[in-house]
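See the structures that follow.
Next come two complexes built around chain A: one with chain B, the other with chain C.
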Partner chain A sequence: MEMAAEPVGGAVPPPALPGPPRFRGPRLARRSVLAGALLAVLALTAAFAGALGLRDPVAQPDPVRLSSQPPSAAYPLGTDPFSRDVLSRVIYGGRVSLGVAALAVAVAMLIGTAYGAVAGQAGRRTDAVMMRAVDAFLSIPRILLVMALLALWGGVSLPALVALLGLTSWFGVSRLVRAEVLALRERDFVIAARALGVSRLAILARHLLPNIVTPLLVSVTLVARNVILLEAGLSFLGIGVQQPTPSWGSIIRDGAEQVGQHWWISFFPGLTIALTVMALDALGDGLREALDPRQLPRP
Partner chain B sequence: MGRYVVGRLVQAGVTVAIVATVTFALIHLAPGDPFTQALDDPAVSAEVRALWRAKYGLDLPLYEQYWRYLLNVARGDLGWSVTLHEPVSAALARALPSSLLLMGTAILLSFAAGIALGVVQAARPGSWVDRALGTVSLFFHALPEFWLALMMLLVFAYRLPLFPVGNVVDPLLYDYYTPWQKLVDRLRHLVLPSATLALLLTAGVARFQRAALLEVSGEDFVRTARAKGLGERRVLLRHALRNALLPVITLFGVTVPALVAGAVFVEKVFAWPGMGLLAVSAIMTRDYWLVTACVVVVSAMVALGSLAADLLYAVADPRLRAR
Partner chain C sequence: MTSSAVTPPLLQIDNLRTYFHTRAGLARAVDGVSLSVLPGETVGVVGESGCGKSVTALSVLRLIRPPGRIEQGSRIAFEGRDLLALGDEEIREVRGNRIAMIFQEPMTALNPVFTVGDQIAEVARVHAGASRKAAWARAVEMLTLVGIPAPEQRAGEYPHQLSGGMRQRVMIAMALVMSPALVIADEPTTALDVTIQAQILELLAGLQQRLSTAVLLITHDLGVIAEVARRVVVMYGGEVVEEAPVEELFAHAHHPYTEGLLAAMPRVGMERERLAVIPGTVPPPTAWPSGCRFRDRCSYAWDRCAREHPPLYPVGAGHVSRCHLADEPQRRARPHLPLAAEGGRA
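Let's turn to the complex of A and B:
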């Protein structure tokens, strides 16, 4: 038998084997990342509005000569019928609109999660009753419900408005949470926990809630965009944020009468609302895709 | 099938009853009473106020008021509007047809356009057409209704004087028109408000239709149709679309609340005398019975809309009928 001759010099290195697949984590689509960046910019602008050196959004410097001026170098977005700078009103209005939305979303998520979790863990009768009530409330167009409440109580303060918006926005969240809880209840680890005698509350906190964080995150963007649009609509009708505090909806209201001649007053705040809501929608879409556990990680 | 229909009707009835109860409770929990506004005149003495309260049964205990209210609603007596000085049912009878015209047109337009767009997008998923239409859809879905209405007014009524600024018919000249001119006038006034509403809804319908069509395209029967050598258009329209239309029918039920909410703002901006405008002015002037009736009627419309969608779905999908 002939022995194969040893190659002279260095041995040929063996071909490289593919290593273990590297898990890259959830990937967010580029559109959603841009949306998230836009929202961050908006939030920072709103938060640090005072440091931007803007004109006073409430003062009326010269109602005779400066009212309803078209956009110019001095007033990039023009002035409104009360000679207020539209740019500064839009930015300070963003502070109000976004702030109200953030708080209302927090309220809605808290109530909705609690209600949905309780309904999901309750017996079938209780669950049915609870959900029938939610369905009934969902069938009333929210704008009418909130309008009726607001108008019957007269103009409300900002905290009351936040509470009202939050209290009318949790229904969808509760349905989502209930569905997830119902599904999770049948999973082995939950059944095991129940068998071990873990209390319902502990099961909820330790096992159920951490597993519904993902769909909840997506629904945060949904609730937020609806609350922003609702608050804008209410302020447009005059029953939301009260004058002279600027809010995107109320600035649009200021310019609604003369939209034919002085279009800039209504145009810019509306555009801002549209961009914000669009960004929230894109972010929500991206989050839903990225966090969907059924999708394989892309190579 | 018959039992399904009856069951759903009962469900809808229960929902409307709950809505009526909730509205009643909310209104009576609020401070003041219907006559705080109407009798704001300080010259009106306390005795007259007491007389009015007695006349309208407001001095009765709450549960008895509630019971009477339910009986009246069942009989069709929806109360008296203190601001319009007429029975509530008369005011509703005037406003409801206008609203139905506006909303019906908007739904037809939006579903036709939305389904078409969804099909176009799903025909070549991922192409630039798909992505461009998707972004445009996203933009329109995000717009505040009242802002879009104002911008439509600005562009199509003020800058390019193509359409009138508001109302259902020309306030001055309508009575002098020939029947044909009347029809044209009505249509001209209908265009902008219904287009505004439709633009908002089309985006949602298109997104949904696209997703449904893409899901169906993966099924076996579509692959079979393609394997048979049928043209892509025939596969898409005749085989895939028929099945992908079903989820869109359920979307119809969900769209009605959004439609009503949007209609409130559109009616306000375009001065369209429909239910939305009536509800807003009733709420602003604290016209209690009118507010209650408006909220109940609107909720009934929403419930009926979703019921119609469910029934349509049951008719369209033979798999449900086998139950």
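Let's turn to the complex of A and C:
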């Protein structure tokens, strides 16, 4: 990207004048780069957990003698009360926690974007009805909403959990998208597109959405952190990811009863959750600063 | 009106009323406008901000959004079809294809996230169903046509990489992709430097001749009109107040508002210290004055002007004026300070 106020022509620049500083395009703060790297490491180890030569995360080699062993060379993060390898469980748990979160975020972004775009392009009345519905959902604390639904559902499968988390996470996104669409649709280039005979759907796809990629990208990190925390909380309560499948929340639960003596069981998954959430926040802040000088309200 | 009897007009607007139903009241932004454009002709529409020029333009393409509405009884005929009766699909077929629009501010009228070639190509894809490749070729061809150097390279650039004049050339290219029968240019040169202005007008006039496109040129600048238009429509307060061939208007302006506009124009060889101004401002469209809408700012206004809404009087060949002076010309000899200048009521 160039600022291009003036044509930058000529093969050989005059050596004497240094010229104006070049605009280098958006740059992420170092903090955000580190955060992104940490997230990448977590995601990659989770994705390729099978290739890391880890122990089976659900195998219980010796529930009597190997129960709740402290970290050692053989078990870097110790074992849990069922003699399972905590390191292996945290990494495989990342597969579940991050996988569930990624899919739920995808669901939430899709629904939220579609809903917000429709509301933003619709007439005043439709828009009002749609957004009051969102307000109503937002007024219910999400953890209560999800717990009530889970109680009705009973033990849930992973796809059901993804659906549930996704279906309860799009409200903020829809607000954001609607606000952006409302602002954009009065912009000259959207009116110009209409004047050129571009259809509504094409205007949405080609002229509105590409212009809101930035806030959407930032909101992905926010939705993801919330979904990860929610899933961890639910699994900790025993109503999220079901045993013996490891997820970060359920591993904390495994060690919760003896956290005084066997701290390592709950500590390492807890630390991983904290790092992940902090990394997502840092990445979101960095993206916001790098891509958009305006401050965005948190959805 | 002036449309010569032989060729039927390309665009015929009859009694167009576009009202905005706002909380502050009913804004009659366009209130009974009639005008016509012949094939290949350039018609200028002049007036101050707020006189309804742009709303008229947007109404032709049915781009008015709620709370705005084109009222019952309005008629816009184009190529023999009533545009107001068309379905959404049909009007989209007209937009950009038969009628195209050029906007005032080429920076904001181009999508910042796509290359200009992409945006010109989009028109060809929408209306001609052209393939990606063919549409791109067409975009490059259009950029050549509007005189952009190194068009292949420029097509791949983003709007912010181009200068204001080049961006307006891109807008013109977009408008002309489908060789429309009518181009509506809404203040096409207002945002540009004076030197670039002349280039763009020249380009527009040249292309119009080559492609025999009719142009409805909307501007507040009589200088622009003088350069390119054949016929002029002067608007004030949501109405047409005067219409005449361009030479006739400059030589024998009839309506006091047009007189005021002409007097406010700088002219070569004029030894005046200051330019004349028209006292007061355009009244808000929610509260047009009774009778003549210009009477508060008019230096000839008399009691009849408050009582009686003037019709369009014929005052010459193809020349009409919405002023009672046509009926009582002797009053032109007795100008006085307008109400707006006195700041009070008579």
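Convention: the second predicted complex is superposed on the first by the 273 of 299 C-alpha atoms of A that agree within 3 Å, B and C clash if a C-alpha of one lies under 4 Å from a C-alpha of the other, contacts with A are read in each partner's own complex, and residues count from 1 in each chain.
The rule we apply is simple: a contact is a pair of C-beta atoms (placed from the backbone, for glycine too) under 8 Å apart; a residue touches a chain by one contact, two chains touch by 3 or more.
Predicted, not measured: the structure shown is a model, and the values here were computed from it.
Enquirer: Please tell me, clash or fit, for chain B and chain C sharing chain A in the overlay.
Expert: Superposition check on chain A shows chain B and chain C fit without a clash.
Enquirer: Quick check on the superposed pair: does A:Asn211 touch chain B, chain C, both, or neither? Answer first, second, both or neither.
Expert: second
Enquirer: On the superposed three-chain arrangement, identify whether chain B or chain C touches more chain A residues.
Expert: B
Enquirer: Where does A:Pro141 make contact in the superposed view: on chain B (first), on chain C (second), on both, or on neither?
Expert: first
Enquirer: Regarding the shared-chain residue A:Gly123, is it in contact with chain B (first), chain C (second), both, or neither?
Expert: After superposition on chain A, A:Gly123 lies in contact with chain C alone.
Enquirer: Output check: A:Ala193 vs chain B and chain C. Expected answer is one of first, second, both, neither. What do you get?
Expert: second
Enquirer: Give one of first, second, both or neither to describe whether A:Leu283 is in contact with chain B, with chain C, with both, or with none.
Expert: Neither: A:Leu283 stays clear of chain B and chain C.
Enquirer: Quick one: smallest Cα-Cα gap between chain B and chain C in the superposed arrangement, Å?
Expert: Checking C-alpha atoms only, chain B sits 16 Å from chain C at its nearest point.
Enquirer: For the complex, which residues does chain B have touching chain A?
Expert: 14-15, 18-19, 22-23, 26-27, 30-31, 138-139, 141-147, 150-151, 153-154, 157-159, 257-258, 260-261, 264-265, 268-269, 279-280, 283-284, 286, 291, 294-295, 298-299, 302-303, 306
Enquirer: Can you check the complex and tell me which residues of chain C touch chain A?
Expert: So the residues of chain C touching chain A come out as 61, 63, 66, 92-97, 100-101, 103, 105, 108-114, 122-123, 126-127, 157, 160-162, 171, 174.
Enquirer: Would you mind writing out the residues of chain A in touch with chain C in their complex?
Expert: Interface residues on the chain A side: 2-4, 123-124, 187-189, 191-199, 202, 206-207, 210-211.
Enquirer: Using the touch definition from the top, list the residues of chain A that touch chain B in their complex.
Expert: Result: residues 132-133, 135-145, 147-149, 151-154, 225, 229, 232-233, 236-237, 239, 249, 252, 256, 259-261, 263, 266-267, 270, 273-275, 277-278, 280-282 of chain A touch chain B.
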